[in-house]
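As structure tokens, here come the structures.
After this come two complexes, each holding subunit A, first together with subunit B and then together with subunit C.
And then the complex of A and B:
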């Protein structure tokens, strides 16, 4: 696929932006654990995982920039809060450790399902990147599956906090697979090898089995809010203020 | 013996072998296996262009830009123009580290990564609970943290020589 028509290019741009914003915003939220995680090893681990996610976001913004002739840094830092397209799952502050672990567990598996599918994308630059990212994400999956079991078996308090967080985040986690306005174009062009709704149910099966194995309740409500990627919160607006503080301090600077 | 002039590409590879990894200076970029291809080709402006393809170890590796700069500076005299492009056309894997590179890692206190083989299926990567201690060779070691001070490293402890040490992750 060398030349994309305008419609396909715009659709691909929408997909890349959604994926990049997921990684970017979650990377910033969890980087807040640096220095204050429950144990020293987790300071290092969360920092490393967050650095991976910001790195993935950068690579995706660069693919997008190449496609549309924009500047990757401007895309990352130059938009107002309402211009971001992350899933509603990333609208929450980091809250407590169990909440952050619950979110990471739900997101890492959603991202894994998405990347597995995109590894066979007809848009080769995206397929190549997905293949590379999957190798790194394997370590995230191992780590957060382990933390899920650790908190589930850790005692009444950690177990209750974890269950409540999963229950609370479940509806917003669905929105990682919220339909894109131009999704049909992507499926037709084989850029997206499967519809997002197919991926969502694969993800529900997978996390459901893992929750069951950890003796945790599996939420039953599978409702999906279609506006999950355009809804924003005060908490996100605050984070946006934090991560654009430096770039916004001198709008015309070259970094 | 007949003296054969080295090919121009081999001169480039030799120059690249002098550049150290910015984060682990014990190993060169060539032994790390991050150089995929070098080629002389006609440049767009009429001169000659030296094109280098660089494979990032990790997508988010912050050393990539430093590597690019070092490569461009080191090769500047070998062509009218030097272009260093990042490529993901095939993923860099830790299996690309050369035998000499693995030995250099070990000699500087890093356990080299275990070999993965070509059959990555999404679940075959893991940080093993034990690594061979690069200081004393003991296997009486434990994994302390699958994440370390840079994206590519894990942290272990050796119960025999009582040293913490780092291992390069299989990726």
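And then the complex of A and C:
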């Protein structure tokens, strides 16, 4: 969109990159379940949902590429680990099933809150994409709400694993709403209809109510680590090595 | 899960107005998960307009050969089971219409 001034365009690029990286990295983490999920049917379901997230990342990277004149594949695969801007929630390895479900539950609701808001964005291509993504995310919400309830009611072991995972992931989950350096520009331009902090509290209320309904403890610490999108882990560096292995094998190849 | 799993038969409709056709089956402990899995197995590529998800034990099966394939000639119960060629020829002659080959059997 050529009518955006440089400052607004850079701010929008920061938002798109954060969202795309969230979807991209989570999609890769959960694709790690392919072949080893608890039952065959869930194996297919989890793999399919992970593919959906890669698809959303692709759409977001393409929007970003159009905005900045870059190549979407290069943005996705051509950065060193420290160049990624996913939330700290996506810094953790797959771990066990309860952990993966806990992360998905926390993320899907954060993403839903974010997309609901962006559906009214003043930047029409982003609003259109948010509406489209929400249609697919409806099923993701249903699926991970269902798994949360099941693990909560699935006996002492699954319940304990689930609550421990939620407790452990809670601080990093907040960072989906970590402030962006240029957020004020986005809010002024009505590209981001509401500040991320407003969205974060909406999300806390929503997941809090669902956890309560499942008789799970609701974590109380609502501290937000502002660096959540820039600090990365060894676990992420490993995943980065995995997902860039093929593209990195022949940097100049045409795929 | 595991021991509590039930089998669900999935029927799919490819386009609005098409008949529901058996697609296959999924295993799931209840209707809610069966619906999710049916969606993943028979709808995730946007190949279905509609799915029916039916617990296998709700299906009444009939496969008794005495009832379905009795040993006597039942060809007269099929539309093509009657030899009508000669009757048709006679009828055409009476009506004065031209002969047509290969009508009936």
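FYI, the second predicted complex is superposed on the first by the 253 of 255 C-alpha atoms of A that agree within 3 Å, B and C clash if a C-alpha of one lies under 4 Å from a C-alpha of the other, contacts with A are read in each partner's own complex, and residues count from 1 in each chain.
Rule of thumb we're sticking to: contacts are C-beta pairs under 8 Å (C-beta built on N, C-alpha and C of every residue); 3 or more make two chains touch, one makes a residue touch a chain.
As the structure is a prediction and not an experimental result, all values here were calculated from the model.
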Problem - Side-by-side fit of subunit B and subunit C on subunit A, or clash - result: clash
Exercise for the section: Using the superposition on chain A described above, determine whether A:253 touches subunit B (first), subunit C (second), both, or neither. Expected result: neither
Exercise for the section: Could you look at A:128 and tell me whether it touches subunit B, subunit C, both or neither (first, second, both, neither)? Expected result: first
Handout entry: Contacts of A:220 with subunit B and subunit C, given as first, second, both or neither
Key = neither
Exercise for the section: Give one of first, second, both or neither to describe whether A:48 is in contact with subunit B, with subunit C, with both, or with none. Expected result: both
Problem - Of subunit C and subunit B, partner touching more subunit A residues - result: B
Practice task
Would you check which partner chain A:38 touches, where first means subunit B only, second means subunit C only, and both and neither mean what they say?
Solution key: second
Practice task
Return first, second, both or neither, reflecting whether A:56 touches subunit B, subunit C, both chains, or no partner chain.
Solution key: first
Exercise for the section: Mind sorting out which residues of subunit A both subunit B and subunit C touch, each in its own complex? Expected result: 41, 44-45, 48, 139, 142-143
Handout entry: Touching residues (chain side subunit A, partner subunit B) in the complex
Key = 41, 44-45, 47-49, 51-56, 58-59, 112, 116, 125, 128-129, 131-136, 138-139, 142-143
Fill in the blank from the handout: subunit B contacts subunit A in the complex at 56, 58-62, 88-93, 120, 122-123, 125-127, 144-149, 151, 155, 169, 171
Exercise for the section: State the interface residues of subunit A toward subunit C in the complex, per the touch definition above. Expected result: 38-42, 44-45, 48, 139, 142-143, 146
Handout entry: subunit A partner contacts - residues on subunit C that touch it in the complex
Key = 1-2, 5, 26-28, 32-33, 36-37, 39-41, 44
